[in-house]
Structures are given as structure tokens and as C-alpha cells.
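In the two complexes that follow, subunit A is the common piece, with subunit B as its partner first and subunit C second.
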Partner chain A sequence: MGALQSLPGKPEYVDLAEKTGFSFEQIGILHNRFKQLSHNEETLLRDHFNDIPDLACNPIRLQIIEAFFDRRNFRQNGEGTVEEIGFKEFLVVMSHFKPPSLHMTQEQRESIRRDKLRFLFNMHDADNDGTITLEEYRHVVEELLSFSEALEKDTAKSIADAAMLEVASISMGHMEPDEFYEGITFEHFLKLLNGFEIESKMNIRFLNMDTTTLCK
Partner chain B sequence: MEMGAKEKNQQLHKPYSNGIIAKESPSSLQQELQELRGSASCPRSEPEFEMADIFYFCRRGVESILDDEVTKRFSAQELESWNLLTRSNYNFRHISLRLTVLWGLGVLIRYGILLPLRVTLAITGISLLVVLTTLVGFLPNREFYLSEKVHLMCFRICVRALTAIITYHNRENKPKNGGICVSNHTTPIDVIILANDGCYSMVGQVHGGLMGMMQRAMVKSSPHIWFERSEVKDRHLVAKRLSDHVADKTKQPILIFPEGTCINNTSVMMFKKGSFEIACTVYPVAIKYDPRFGDAFWNSSKFGLVNYLLRMMSSWAIVCSVWYLPPMNREEGEDAMQFANRVKAAIAAQGGLVDLIWDGGLKRAKVKDAFKEEQQKLYSKVLVGEQDEGEQNS
Partner chain C sequence: KSALLRCAPRWSSFLPLTGLMCVLLLVFVSVASASRDVVSENNETWRGPAGETRGDSHNQTNSTAHKKAFPVLSFNYEHVRKPFEISLWILLALLMKLGFHIIPGVQNIVPESCLLIGVGLLVGGIIKAIGEEAPVLDTKLFFLYLLPPIILDAGYFLPIRPFTENMGTILVFAVVGTLWNTFFIGGMIYGVCRIEGGQLASVDPLSCLLFGTIVSAVDPVAVLAVFEEIHINELLHILVFGESLLNDAVTVVLYHLFEEFTHAGTVTVVDAILGVVCFFVVSLGGILVGAIYGILGAFTSRFTSHTRVIEPLFVFLYSYMAYLSAEVFHLSGIMSLIACGVVMRPYVEANVSHKSYTTIKYFLKMWSSVSETLIFIFLGVSTVAGPHAWNWTFVIVTVVLCLVSRVLGVIGLTYIINKFRIVKLTKKDQFIVAYGGLRGAIAFSLGFLLTNSEMKNMFLTAIITVIFFTVIVQGMTIRPLVDLLAVKKKKESKRSINEEIHTQFLDHLLTGIEDICGHYGHHHWKDKLNRFNKAYVKKWLIAGERSTEPQLISFYNKMEMKQAMMLVESGSTAQLPTIVSSVSMQNIKPRGPARQRAIPSISKSREQEIRKILRANLQKTRQRLRSYSRHDLMIDPFEDNVSEVRFRRQRVEMERRMSHYLTVPANRQETPPVRKVCFESEHKVYTYDDSKSPRGWTAEPDPSPPDAVSLLNESSQRANQSSEHRAKHNDELRAKVPDEKEEQDQLKLSRCLSDPGPNKEEDLS
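Right, the complex of A and B next:
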């Protein structure tokens, strides 16, 4: 008979599986986690994320939480933020962290890469004008650092400034002293991070789980 | 039960009963960042490091959203195979007719036969406790022998009321007078399970209603320590009363649950150091429930006490193991917190539970900002180190 179990297929799952590329099992697991985080309600609020102690340790916690409520990450070409998300949106944002499968063409890999980088770009670009300005970049750097003895506020600022300057010089070549660098566009961003193996560094691998048993 | 415990010990190493995602071994911040920078095709100096470092924090953040060590301790443990109780059926779907029939039969037996029997026993046990302890209280000199017998008998009836099948290990290490017994906390039933085997002085807040009546009755015949709500906040008062009790060698050992709240019996969380500051012998006890027969964890935000007791009485049984560990004393140069952690590690090791440093109070409160600052400091140090190198090079 074999150990085949066919899920009676929750119809919503089929739709989600197609859209996000997760398997039924993974969707089930994520659904349980969603319910656990939202205390069995239909939608997740920002407060629910604040309940996770591990996340509270993370310096860019606010940016990560915002990313879940950012319409740009819902793959519907939307803009702006929402106050609460349902399971579908949760899944779509999570799908940005799916590892590329082994059998993928170069184009598919490239598009996945662009996807993940877009996610990161959105995290920096808070006002969604298509560029990461010096202000926005500085904001992220300051979140990562602490105002402790190790670094003073000015040092943090100057690190961000120096970084932006290098980026400007790399992408625009030599600049006149009064020329204004608006910021890093998405294309620049891609170019800058060309060397990084983002496909492998920015994904979450699921363990092979099978918690239900067969009773025949 | 020994076999059961060994199974459980091994289970904890299997990935699926622990987490749902493969977490990298917690390599330090430095290592990961170096890897990230090293993976660039040519060694760039400063700008890239900001951009790429975000990956690390981003991934860690999403990992914690998916699966973290703490929030899953406050909901019931997931079972690998179904035990015919609807309440533990998380992936509900119809599997076969035979199974449904079995389940139906199970419901009939549990609610039709077991539950009424158990409720009767419980009522008998509690009323006997109240009546007999009051009677013993009238006797002069608070007869210790009689009071012990009365307590033991009533708690044994209560244990039968729950059909708790308890296996006690290492009874030679049972707590003695003038000491403190500490244990991990899963449910209020822990008290009954331990009191079944020996007499303890309990510590707790004064309640109203049925609990209050029982408390007042019990204290008439043996020295329990009940606090008014206002006194609980006063740590010195609490410590003093406990020390006084412990100093009197004729008094029974005190029973304390240092976690402060119910955890779901897969892990042991931070012990509050208050009880470890008192200078006396500590007798650790580890309690581990077998989740296959009934889930003993009390999720106080989900169920009230009466609801919980009804669920307990309509499960198959409560099967658990109690290990009495050898007594421990605070060593020279050890402060209360370190002592508490040592005891916690011993209990976790014996019971096959995960030893966590997180505070059980996180069930209701939020993490302090201090933790986030720690991570920020770490990262700053890495950057400053880089800066110094950069300056030396340029």
C-alpha cells in the first residue's frame, strides 16, 4: 500500500501553494505558527510580533516587523502599509525567504535573487520613493549600532556618511562638489551587492517533518 | 517508566519535536559577518559591510518569527501520535472509520464512566480533607502523627480522583524536615502529586472560595505558609517567614516552585532566586508527565481552573515520573543566582527537559530593552574593530 497520504486538500492551501511555492506541509506548519503568534485570531498585529523574546534582541526588529506590514512585499504592486495582516500576506512575505530549489534555471535564480534584494531594498527605503537616501540609510545604520561607549552618535553618523560617499563614487564616478547625490536606486543596489551569495544567505530551510501517523 | 524517560531523552535530540526550521548553530556575530564579507568577489573596504551585514540580522529576525524557544513553551506540547483525545488532535482530518469508532468508544468511556467516578472521588477527598484537618486542629499540641496521616490519606484520594499513576524514583532522597523542596511547575496538580508521597508545607497566596476554605482548614493541623496578597510584594517579609519556618527543625519541608508560572513540561525556565537565598538544604525534584495519556499543562490564559480540572478528569490518566534528586547546598562563593541555575540544570538533566535561561514571566510580560542593546553593543564592537584596522591601512 505504501505510506502515501493524500491531504483532502484544503482549497485555500492549493491556491497559496501555487502562489508562494511552499508545499502543503510547509503551509500547514506555517499556519500553526501563525495561529500561535496571533493567539488563534484571524489577523496578526504588530503587537503580536513584539511578544517574541528572541526578536526583541534583534537591533533591526522594527524594520523586520514593518516589512511584514509593507504592501510592497505582498507581490501585488501595492504601496503603503497596513495595520494587520492575514495568513495569506504572512505566507507571501515568508516566501521571500524560501531557498531556491535545486532544479532551477539561471533565469529563475536571477529572479529569486532580485526578489530577495527587493525585499531588503524595501526595508531600507521607508518612504518608497525608489531610492535609499542618506537619511534613510543613516537611520538603518543607527539602529544597528548602539549609543554606547564603543561608538558615539557622531561616529555612527560618519560611518553612514562614509559608506554613502563610497557608494556614490562607485556608481556615479567623480562628482562635482555641488552635485547632489539623491540616493541609491534599486539598480545601484543590485550592482553593489553583486558579489554576495544572497540566495544562500537569506533563506530559511524547513526540516523534513511528518507529525501525523497513519492509522489504517 | 524508566524506558519512557529514556525515550523522551532521546526524543529531545530529534529535530522535529524541537523546532520546525533548521537553525544554524549559533555562530557568533563576528563569524557570520566575516563570512558575509569574505563572500564578496573582491575585498572591498567599507561600504559593503553595512549592506551585507543586514542579511544576518534579517535572517535571524525571520527565524525567530518562525520558531523561537520561548513562545512554544506556553502552549501544550505537540504529540507525535494521536492519543484519541480530540484536544490533542492538531491536524484534524478524517483518517478512517475504524479510528472514528474507536474515538467514539473512548469518549463514551471517558465521559460516561471515568468522569463521574472521578468527580465523586474528588468531592469525597476534598470534603474529608476539610473536615478531618479541622478536627485534628482541635486536638492539643497539634498531633503531628495524626495530621500527617490525615493529609496523606486525603491527598491519596485526590490522586485516585485524577487517576494519576505516579512512579517515584530515588525515594531515599526524599526531602527532610528543615529544608526546601524545589520542583519544576507544570500544573497545580504538581502539589497533589508530591503531597501524595510526603508531607510538605505549602506556600501560597490566600484565596477566596473553595480554595480559601481548604487553606484555612489545612493550616489548622499543620504549619502551611499562606500570604495575604499585600504581603507577597514584600520580599523581606516573605524571606523572613520562610527562614523562620526552615529554622525550626521539627517542621516539614517547604514546597516551592521557583519558576513562578506553569510551563508546558518540555523545558525548565529561569528560577527566581528568592527561595535560594535562604540558608538551608535544597532538595530538587523533577516531575515529568507522559503526554500520551493526558496533557497536564495548565494554560491559564486559555482555561480557567474548573475547566482545566474537568479536562484532567476526562483524560485517560495522568501518568508521571517523579525523581527525587540528592540534596544540594549553596557552595562557598556561589551567589543565589548561580545556585539556582545549578539546581535548575540538575532538574532539567534528570527530567529530560530543555534548560532555558528565559524567564517564565515572559508569558505575560515583554522582554526588556537591555537585550536589544546587548546585540547592538556586540555589533558596534565589531565595527569599531574594523574601523581601527581600516585606519591603520589607509
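Right, the complex of A and C next:
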């Protein structure tokens, strides 16, 4: 089965396992998937993602794909986007979806929470100015609703406006009529989704069994 | 009475309450004893026709004997005896429940279920002391009338998301856990009986297993009753509660299995295999029956737009039919009921009117509350009434074994389950799950159904003891334990639009990541199901335009509706909610050029509905003001104008509040821009035309030009006097406003509901 591929001797796996927290089997499986997606090349391009048929019916497909090419998610404090990624970056992005392990201290949990929420924030904040402006938020809602037909565009706008207003109220409290709320900063974002328990929800079950043969 | 007098100096207010309760108890008891006579008579022979003929002959003899005067006032109790008794029982039970909530302090220590059992015990004791025979919890009554409302209430309002997310865990606990409990308790009891000898020696293994089945199932009624009050976090609540619902299939199968076997005498391997097959048939069959009725109910609700009044009845009747149909085939009625409620709910809620939705909710809550109360009281009464065979060893061993097996089962299963869960169950969670396994009335009723009379009494005694122990001891101590262990409690906050957006976003994100990873996991299948639902099922089962409404929009609309209702209800004289923030729309809108913006955000029919609600309320407010204006402290000598003024003030208040979005509290400040927006844009109300007007509306059947002109005057007038509403003195201006402006006010209000538009100070200044 897949166990044979996870030769503990592979040095790069050791390094990756340390960095991302995946086990050797999981890294092996993801490597297989990477090779499958990239048609055995070294790097992945955006077009490779576009080829995944299941992804086609996902309304936020573009944002997801962008997230893989966003340097802010590579945990190296980089900025901007890249055109192609290697397996290491692929794995680092995937590691954002690892569930927290059972025995963790409160600080570790907190840091994992921040990590995941940072990922979400980066997805919303497309122009990387550190805030999610009203336009960006509207874009998010529009994308979410993009696959439903009989939609008035303005509904999406008002929903986004409502949400923005709520964030502003929660974060800012009192504002004078002529003050202007620039956008949702990361701190406000944290405060907003405080009760959301993201560390329990934003997780993928990374299997230890090779399933690449089962799906395209 | 002397005890009461002694207490009097300490709690002077306590005395009348206790006195009242005693009076109620006495009435209760006398009725119970009287009804017992009737019921026992009816049970023995059906004397109906005989009784009537006796009455007739009596009358005849009277008339033949001597001519009586025409009776002006006569007493004929027999005529209404049965319904009268039943109603009185229910009424008194509910008065008891009321009494508990009035007496201060008791509520926090003792859960309601314990109190009700206590009352039942008391009543039963008194009845027995009088010498009458107390009524027993009739099994048919319980399973056909008392249990379904509770289960339907639970199933209809089952939180689907946590339930499906934890479905694997719940199933493992329900099926494997109950099996383990049954065999462990049954086996150990048999062993103990063998060792003990004496009276217990005659117990055979199958009876023990049967007993184990009855006593090991976690009871949904008891769990609901206790967990409702401790507000534990969602995960634990759904684990214990889900388990109590789903183990019904196991219980049904095992019960019938063992009962058949005790009659048959021998067990073969074939029988065992058939038992397993039977389990699948019972559970899946029950779910299927429920789902069919659920779809029928949803389909029916699609056409009820013209007969709104009977909509709730469809929900209740289809669900009850699902339960009864499942019971006909000995399938699991509980699972059928749950499946029906779960399947029906999303479609019915999209179809029915808001009032019907409220009706359904309140009727379900009401019936389940009554049922629960009656069940617990009857449990207490039956305890005193029933024949008992107390055997110290048996009872003690049973109680201990129940606890031990539950704890072992939970620990063992969690060890296995945690290998497959993403969010593992901690030790605290395990403790609560184990401790929350309460037994209740279902166990009692099943025990009552036992036919083997020699062991029956002993079993019943043990069952009752277990029920009492779990409900009273565990029920009372679970709350302090939850506090002691600092178990996470339920989040109090209501769903906000941001959380909804992010829930959806996360769903799609995780589905996408799963697709990229190449796993066909949990999210993938959920997404497929949602798409199937949207593409095919919704078109069939939801009427009109709502069938294509995405979930986010329906959530948004629902919240708008709720906000409107809340405003309407709290509207005129109630205190405003504490205003937290003063942020309003203009704070977040970019100060760019006035781009073309369309305001409307909710569909026409919804807007109609909201407008109707607002109009109705404003009219009511007006009427109320007219009649209550004397109570208004801020009195102005001219009554008419006072009401007018108050009305204005309130309407402005409402407008202001509605000029914000749903979850956001209203802007306290008298921000002129906000109000001006509402007023000013009125004259642009006709057509939705992007190119011409900077702020267009959707086309609406709207007031004709002459009105618009006067509106314009009016709005400019009001814009000038925007800050004046606080003064409440400019009567003549207010009084001038004609009544039909109400119409436009409501239109404005409903506009303002969604978006008051961009800041317009620069336009007006």
C-alpha cells in the first residue's frame, strides 16, 4: 500500500515533516497527488488547478487557486504572488488545514487559530493592504453567490454592506458621522470570528491511505 | 397547617403559595381518586350502554312514580366525566409546573423533572393513603399520545449541522453502546442471580437479557428535561441527545427479539442472524417511512398559499401518521418521526407564512411541555401504585451495573472513536456523556409491557429505582458538576451575518481543498448532496420564487424579517435595546463619487410582507396611543397632538433603527444625513433607471405625481425640522400632516430597512 512509499530515509521528507507537521505517509500521498496534478513536472501552475474537474463547480474556485500562489501563505513573511509553486509550497499551504492534535496547550491552540484565520484573511484581502475593504468584501459575497441564477446583484452588495456594518459596530463601538471605517483589519477579523471555533472547523482529514487512484 | 404557621414568620410570601399548592394537591388527589373509580369501572366492563339504560329506567321510574317539576338546574356529571377528568389532570399538572417557577430558589437546585416526580409521588402516596387505587401509566397512552409530541419537537428542531457532523460518533454510541450495555448488564445480572440463589435462582438468561435491554437505553425525554436546563455546549448536547434518539431502533429490535425468544425457549444461530437483519430493517425502514411522509408533507405545503390557517396541521398530522405507520410494522417509530421532521423542515419553512411558522413552533413546544410534565407526574404516581417486589441485592446490583457499564462503554468507545474524529473528545467530554446517560419513562413503559408476571414485579422495581437514581441524583448533580469541571457552555450569541458568510465560505473552501487533495471526503459528499438538493428537490417542493433562493439570501431575508418583527413587537412603548454602537452606514461607505447605486435588496414579496407587518403595527400603535395617551407622562395639553407627536417620534425612532442592518443596534445619534436620506429620496421612487437617477429604486406601484409633489414639500419641511422632533412642541406642523402620509412612511420605512443609501450630506448641504 502507501506505506512502502514513505521511506523514512528520504531526507527532504524529514525536513518537510518537521516544518509542516504532517506524517511521512501523508507527505508521500500528497506528493503523489502533486505529481498527478502537475503531470509529473516539478512545479504546479494555475492551469493545472483549472484542470481539476470537481473544482469547476466551486463558486470560490479562483480564490482558492489564488491562495496557493499567494506568498503570504508560505510562512516566510513574503508578499505578492508567484506564478508557479513547488511541492514544498504546496505542502505548506495544505498544512493550514491540519487539525489540532489532542494534547495541546492553550497557547498552541491560540496560535493555530490565528494561523487559520490569517489564511482566511489573506484570501479576502486580495490587494494585500492589510485590510479588507468594502469592495473586497462585496467581491467575496458576490463570488459566494455567483452560481445562483436568479440573483439581483444588489442583494450581494447589501449583504456585504450589512456584514461590514456589523464588523464596524463590533470593532469600533462609537464613530462620529464623518469618520470613515477603512476596512477590516486582522485584529478586527479575529474579534469578529471569535466565537466561530475555527480550529475545529477548518480541517481536512488527511488520510493515511493513498486514494489518488480513486479520483481524477 | 401548623407547619405552615411555623414557617409564616420567615417567609411571609411563601405562605400563600404553599397554601395554594396544598389546596391544589388536595383537589388533584380527590379528582384522581374519583377518576380511578371511573377508569377502573371502564377497565373492568364496558358499562356504557348498561349505564345509560339504567339512567333511562331511573328517569322513567321517576316519571311514572310522580310528576316532578321541570328541573331548572340539574347536575349530570357522568355525561362529561372522562374529558373532564382528563382536562382537570392536565390543568392541575400544569399548575404544579407553574407553581415551581413562582417559588423562588427551588429552580436552581432541583431540575423540574425531579420536582414533578416528587409531586407524582406525593399524589400517589396520598391516594394510596386514602385507600383508593392510583392510576398507572398506561403503556398505550404513553407510547401513542405522550411520547410523539416530545420526539416530534426534538426532531423538528434538531440542529442539523452538528448532528450530521457527529453522525458517526452518535451512531457508534447508540448502537454499539446500547448493545454493550445490554449484554454486560444482562450477563452480569444473570451471574449475580446464579451466585445469589434463593429467590433469584429462577431467573433465566433470556429474561436477564430482556431486563438488560430495557434498562440500558438512554431516554430522550429525561435527557431533554435535564440537559435543557444546563445549557451545555452544542457538541455534548447533540452527542447525548442524538444517542438517546437513535438507540430506539436497537431497543425495539432487542426487546422484540428477546421477548420472542423467551416464548420460543431456544435460540439458534439463524435467529441471531435474523435479529441483525431485523435491526437494519427496523432502523432503515423507520427512516424510510419518515422520509416519505416528510416529502409528502413538504409537497403539500407547496400548495397551501391560499389556506394558510391549516398549514401547521399538515406538519403535525403527517408526522403523527409517520409515527403510527412505523409502529404498525414494528419499525422504529421514533426514528421515523425524527426523519419526517428533519426532511420536512427546510421545505416547509420556505413555504409557510411567518405566522404558521410561529404557530408550528409554539404548538410543538406546548405539546411537548405538557407531555413531559404528565409523564413525570405519572411516573411518580405509578411508582407508588404499582406492585413492588423489593429485592435488595437485585436492585443495588442493577444500579451499580448501570453506572459501571455506562462508564466503561463510553471510555472504550471513545478510545476507538477518537482515532477517527478530527476533533477528539476529551476526558471531560467523556465524563459528561457517561454521566448524562439518563433512563426514563420509556424504560418504565417497556417494563410494564412485560408479560412474565413472576419476575415482572422485581424487574419493575429495579427499573424504577434506576430511573429515580439517574433522574434525581444524576439530574440534580450534573449542573454543579458542569460548573465544577468548567465544561464549555452554549454560546449565547445569535447567528450573525458574518458567521453565516464564513460558514458558507468555509464549506466551499474545504470542499475545494478536498478536491485538490484528491480525497472524496465528508465535504465533497455534502457538497454533492447540496447541489442535488438545489437542482432537483427544491424545485419540486418549494413554491414560487423561493425555490431558487440561495441559502445566504434566505438567511439574510429571515433575519430581516426577524428584525422587523422585533421592532414591531418592541416598537412603541418598550425600552429600546441598549445601543452599543453609533456606527451607521455612512461610516463605511466610501466617499467616492455618487456612483449609481440601487437600494433594494429584498424581493418584492418579502418587502410586501414586511411592509404589511409595519403598517399593521403602526396602525396599532396609533390606536394604542389614542387610548393610552393619558398615561403618557410627557404630557402636552393637546391630547391629539401629543399622540401625534409621540407617533412621530416613534416612527422616526423606528426609521432610524431600521436604517441599520439586522444585527447591528441602531444609531442613537440624530444623524441628519441618515434621516434625510430616507425622506429625500422619496421623490425618486418611480422607476429603476440606472442612467438617469443616481439612486434608483426598483419599480413599484407608487403614488402619483401630485402626491410626490406634496411629498417633496413635506420632505424638505421635515428635513428642515429634523432636529425638532425632540422638542415635541411644534404641534401645528405635526398636526398638518395628513393621514395618507402613513402609506408613504411605510414605504420609506421598508426602503430604509435595507439601505438608507450613501451619505448625502454633501448633496443637501
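Heads up, the rule we're going with is that the second predicted complex is superposed on the first by the 196 of 216 C-alpha atoms of A that agree within 3 Å, B and C clash if a C-alpha of one lies under 4 Å from a C-alpha of the other, contacts with A are read in each partner's own complex, and residues count from 1 in each chain.
One rule holds for everything that comes next: a residue touches a chain if its C-beta (ideal position, glycine included) is under 8 Å from a C-beta of that chain, and two chains touch if they have at least 3 such contacts.
Predicted, not measured: the structure shown is a model, and the values here were computed from it.
> Using the superposition on subunit A, decide if subunit B and subunit C clash or fit.
Here subunit B and subunit C cannot both sit on subunit A without a clash.
> Once chain A of both complexes is superposed, is A:28 in touch with subunit B (first), subunit C (second), both, or neither?
Only subunit B; A:28 stays clear of subunit C.
> Applying the touch criterion given at the start, work out whether A:154 contacts subunit B, subunit C, both or neither, answering first, second, both or neither.
second
> In the overlay, answer first, second, both or neither for which of subunit B and subunit C A:51 touches.
After superposition on chain A, A:51 lies in contact with subunit B alone.
> Between subunit B and subunit C, whom does A:62 touch in the aligned arrangement: first, second, both, or neither?
neither
> With both complexes overlaid on chain A, does A:134 touch subunit B (first), subunit C (second), both or neither?
A:134 contacts subunit C only, not subunit B.
> Taking 45-53, 135-143 or 261-269 from subunit B, which overlaps subunit C after aligning chain A?
That would be 45-53, the one stretch with clashes.
> Which residues would you name on subunit A as touching subunit B in one complex and subunit C in the other?
Shared contact residues on subunit A (touching subunit B in one complex, subunit C in the other): 30, 33, 36-37, 49, 52, 54-55, 57-61, 64, 94, 97, 120, 123, 140-141, 144-145, 148, 150-151, 159, 162-164, 166-167, 170, 192-193, 195-196, 198, 201-207, 211-212, 214-215.
> Applying the document's contact rule, which stretches of subunit C touch subunit A when the two form their complex?
So the residues of subunit C in touch with subunit A come to 418, 422-424, 426, 491, 493, 496-499, 501-502, 504-506, 508-524, 531, 545, 548-550, 552-553, 556, 580-591, 598-602, 660-665, 669, 671, 673, 754-755, 759.
> In the complex, go through subunit A and note every residue touching subunit B.
7-8, 28-30, 32-33, 36-37, 49-61, 64, 94, 97, 120, 123-124, 137, 140-141, 144-146, 148, 150-151, 159-160, 162-164, 166-167, 170, 189, 192-198, 201-207, 209-216
> Would you pull the subunit B residues touching subunit A in the complex into a rising list?
15-16, 19-22, 36, 39-42, 45-48, 50-72, 75, 78, 80-82, 90-91, 93-96, 98-99, 358, 362, 366-367, 369, 371-377, 379-381, 383-384, 387
> Mind pulling up the subunit A residues that touch subunit C in the complex?
30, 33, 36-37, 49, 52, 54-55, 57-61, 64, 94, 97, 99, 102, 120, 123, 133-135, 140-141, 144-145, 148-152, 154-155, 157-159, 161-170, 172-177, 179-181, 192-193, 195-196, 198, 200-207, 211-212, 214-215
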